[in-house]
């Protein structure tokens, strides 16, 4: 690739950023919905493609740096493109292509001036994310980070006439801002008092363990707020559904990964040390997050909220991987750390594709039916077969089923767990099997969630008498975008070694070990993280066998079977009044989960009595953390501000008294 | 010479407008005079850039890198505010809230206020600085009560009494300072000249100076709006005309803080300790935290942004109190961007309240729909003041917080809480004001929103790129302040 | 001579303090104004003595300025005001006077303590009086806190200015002339503005009682 | 990769497909005997399959392609699973394709597809079955994984072949952890194969059925494939159980002569296991669906305990 471009990869990346900003501006000024959707969004996708190609070419290449004459006087913008950045840029570019192409179709009917603004915010959002990955000093990082938050906030509140959306946007930006301050403080610790905010200086600063731990905790808090780690996840299920679907896809698929990037950057690159308990903390938090996310996803009735909770789950899984990597690295088991890290990064990449795919899928459903409530959908596979097929790929992938991509990363992660024994710490050795079990539980629940998601939306019969006739399948642009992402899911699932070889550059950089060399030792098809005898997985052959098995069976059956087939009504079990309303709703499908994990939810239910004339059922599951964590905080703030408010008493005498007392107190103080 | 013009133009302007303030062209004259002041200050700036610090008129005036940027900033914000006030006051007059005589008073006092601000900044004599600060109160107090409503009278009364009493303490501090200086410099004119004081600051008597600083801090701190001396500030901001709120927040508070910082330099020099700095940090932190909690219970939009000013003044005081090259740099940068941003916000808020006919935030809705420029101005301005990059406020907050994290880590949790609470408080309300649906009538005169966007563009620029000469001033000034 | 004038000054300083206490406990507005004028007179005379004994000629100007401003103009304005505002015989209820007095005495002790180390450094013949000056400033402050009507509060404010002026003379033989002039101008203009205010307040609230002006608060 | 291996693989593929219904028949026959019935004979499942293959298929009006496709996927997955387990020899070239984790994944894939297909028609029974199936599945899957993990930590490998080799050829040691794991595995096996006490394969009693509710809409060849796949699944589970807990008698690499012996051992083990399964089913009662999570939770707990015990007592 490098021969194709004489420019350095970092220049390519920078020009893509500039190009995106330019596109955004053009869109803002043009305000012509036809041009924007037909030209600018595809042009943005082209930028993403170039970025992805540039990122791939720079993986493992020399570290590029650049300095822009912007920023603070002593701190111009430093940029750096190393393998870690390149990997995440690749993630951004690769998933961005699909989402941008899809957007071209999705937004085509939008009003011109709103679309112009949206186009601007969208491309600024993309550019800011790219800058986050490339920033090499604290200031640029923060600027890019908050620009990202801000642009996505405005994207979330695109439809700001709805009060819930405004509320969601506010909550999102608030949590993001508090997180950003924490990140800022984390950089404040790392700068070491020299006023040198470049990452290069931070790499060389040696912090005492206490301060290093403080840095890590601050980073975990700050980035966790963006990633949606418990208990800072609160904004996520609000903001993601509120945004237009391509934006949800960007936020969930890519933006959450910026937080993962941040944690990795700070922990493995900037801090020169790791303590094992950081890893244990991350592991625990990750597991709790994963379980929480998936359990809540199972009881959702809004399809985008369901996906948002699923994102929380996946972030939890990624965090588990990071935690494991930290633990291994702190005990100098670098090969294992590389394994865990590879799983983490792989899952991050996977999630970008599958969650992007699913969010875009819900976008198309929303577009076609105007309905987000799962309980009112159903049977769309007949009206939107192409969409149904593409979404099925995403569903199978995110449920962690072989031979798709979600399984690969989960497989790697479980392998990392299995190899953990032998750590010089008895408690950790005990902890890790339990966490592995919990992770397995979360992965299995994800299957439940996805069956619910897919089954309720696409299968069965329409639950409400929706005007079904106008529902038509997705357009060409949407189809291209979705196909790209679905293809990504399949390729990532079937050719893992090929991708792991690229991830190796990152693990080499972060922990000094790679997986690919061992992973590929028995040929590029075989994924063998340690030794072939210990564990091996060959998704390609698995994929082929399943296909061959299916075809073979079909052929045999065809050969020996007469092939007569007739259509009839569904069997009514002797109960003639079967209607489509008797299917499980989303709520009904989630009922077992609600029953089993009742402790986790705040459930309010109105159940009709048998004698009700108009029986009405209403159920609501609430996030108890909201009640336990955020409501008290809000109440404390309110109480405090009420107390402080009393100081502003209105009487001038009291004010004079304040001055007087202040003066006297100070005078007494200096005596 | 530039100094002369800088001071003469607003003074003459004040007199002229006192005579011709009833004429139709008064607002334009006001803007012209402000523009003249701005031009003169620009020339002065150029001169200082080329020639370095200077004194004038028998050392009674002096310009160094610290005050020159404040002079330029003051003249600039005064100019843009006069541009804003032109349509604003016409609309107020149209709404029947103001008579022509009130407008005359307003325009005349506006110029005189500019004069006192610039005098306070340019004078080398700490006594004159006090006089100018007091005069600043006097010129604005009638502006606060311009509408003659009960609330505005009450606000003006509180403003006058509290600031008057406060500034009286500052006079006591000045006397004590003079008392200490007299020993070293001898009685007479030079003992209050800052340049002289600065030269001999290590020889000044520490006990006297620490005593003096307490009085000075309480005195000028009242004007800065440091908690718990801030009580006049929200009332005065909320009840006065919006251009006055803009200049109070954008200029007066800055100048008062300037006075505190000048005193701090002397005191810390004399004591050879961090006594003054610690006091300032304490007050700053207290102001930030208290303002944040006050913010979360506001209903009136101007009052809310007044509390936000307290918060930011607290942050600056904190930064100057920390001292050191980075923090002082950040403090000055914050002064600049806060003035620009806060006045821009007040401009937008002014038109927004005129549009909806109320200052109650719950009744202001959907600005982006009905008047996109006001709405976006308010939204972007609020985000900028809340420390969202890439705006300049973030740059200074970045430096302040990271430095504090390293030097005084125990302070940062307070800052974190305060900034978080302030963000929640302001943004939740701004959001409902700018978003949503509404049907409010059109304004009788086209609003002047160019200043809003000019300010915000400057703030954006300062967040992304600080011109080298500006950075040099800041650095020199930081070296000066220490 | 110096000794005698020093004693004289101490006497006047004591007088000043006494007047400050008297103002603290005075209920009637008219008497307050008279007391204020008296305080100005004492101030002016003591300044003149200082000028005489220390042969600082510019102090004569200050003394003259004080005489004109604080003994003649300001009381005259205040008299006119209360006549026009028809509050000449106004009596206000004060916060428990004995308590206020006790607090005042504590303040005096505090101020003396505070000023003691500094007074030792003063090279002026009036060095003992710095504590008194500070005490009278603080007493005026206290007076402002305890007053519930606008005019007495303003008188308290002016009395504070007197204390400050006395501090300037006693500690340093007065500030530079240009500053003195500026201060005087400020006080004068301030008084005018306050006068305007009184009328506006009365017009709006029908009274000069400060309890009407407690609407702006956090609720 | 050698010819003997490929041959062996093909042999096993054929073998499992053919004997899967037999195992089912044997279990049913044993059950009948235990219940004092004469039973339909061990070949009854074959007859059923033939019968179904001869029927005309009837599809519901709104069946989607997914519905028609699922039986084949199900069958392919189960066949694959059964043929990957070292049944008679460890010299299987396909075995490294999939380790135990992936095996769990394949079961999950099949489960997801059948559940989706059940929801496709949109009857209340279908969704009911799908929901219950997923409920059982999400509890069984981690338990199964934990069972595998116990074996994997003992043998330091997740590859079934290596596990078998390690367990079969180490000197005989009693692993308490494996005992726990075995108990958990039996519970998972019962649940996953729709056996009493979790489900009853021979009832269409509406309120209790799980598996049968899902396949209510299938008929003829589709139903036949599903039934066959279920039989394969039972066989796969049983042989996995053998591999983990009774790995004796499985031929090693390149040991051709051992194959007949291994075959004999397999049949013996199947006879015993089938009878045991029938016994278990006979002595236990079908439980309420709400009790199933407790049952599965116990399995999960046992499996985790097994793993913990392994770490507590130290590996040897």
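Details
In this document, chain identifiers A, B, C and D correspond to the written order of the chains, with residue numbering beginning at 1 in each.
Basically, a contact is a pair of C-beta atoms (placed from the backbone, for glycine too) under 8 Å apart; a residue touches a chain by one contact, two chains touch by 3 or more.
A quick note: this is a predicted structure, and the numbers were derived from the prediction, not measured.
C-beta contact counts were set side by side for A-C and B-C; B-C has more.
Of all chains, the one whose mean C-alpha position sits at the greatest distance from that of chain D is C.
Between chain A and chain C, the centres computed from C-alpha atoms are 69 Å apart. Mean C-alpha position of chain B lies 77 Å from that of chain D.
Between the Cα centres of chain B and chain C there is a gap of 31 Å.
With centres defined as mean CA coordinates, chain B is found 43 Å away from chain A. Shared interface positions of chain A, defined as residues touching 2 or more other chains, are 645, 647-648, 652, 656, 659, 663, 667.
Chain B has residues 157-158, 161, 165, 211, 234, 294, 297 in contact with two or more other chains. For chain D, residues touching at least two other chains: there are none.
Looking at which chains touch one another, you get A-B, A-C, A-D, B-C. Interface residues of chain B facing chain A in the complex, by the touch rule stated above, are 157-158, 161-162, 165-166, 169, 210-211, 214-215, 217-218, 222, 228-229, 231-232, 234, 275, 279, 290, 293-297, 325-326, 368, 383, 386-390, 394-395, 397-399, 401-407, 409, 412, 415-416, 419-421, 423-424, 427-428, 431-432, 435-437, 463-466, 468, 471, 474-475.
Within the complex, the chain A residues that touch chain B are 69-74, 138-139, 142-147, 149-150, 157, 160-161, 163, 166, 169-170, 173-174, 177-178, 181-182, 184-185, 187-189, 191-193, 195, 197, 637-638, 640-642, 644-645, 647-648, 652, 655-656, 658-659, 662-663, 666-667, 670. Those residues of chain A lying in contact with chain D across their complex are 378-379, 381-382, 385, 388, 392, 396, 399-402, 407, 411, 414-415, 417-418, 421, 429-430, 433-434, 436-437, 440-441, 443-445, 447-448, 450-452, 454-456, 459-461, 526, 532-538, 541-542, 545-546, 549-550, 552-554, 557, 560-562, 564-573, 578, 580, 582-584, 588-589, 591-593, 595-596.
Of all residues in chain A, only 645-653, 656-657, 659-660, 663-664, 667-668, 671 touch chain C in the complex they form.
Put simply, chain C touches chain B in their complex at residues 56, 114, 117-118, 121-123, 134, 137, 141, 144, 150, 153, 157, 160-161, 164, 167-168, 171-173, 175-176, 178-179, 182-183, 185-186, 189-190, 193-194, 196-197, 200-201, 204-205, 210, 212-216, 218.
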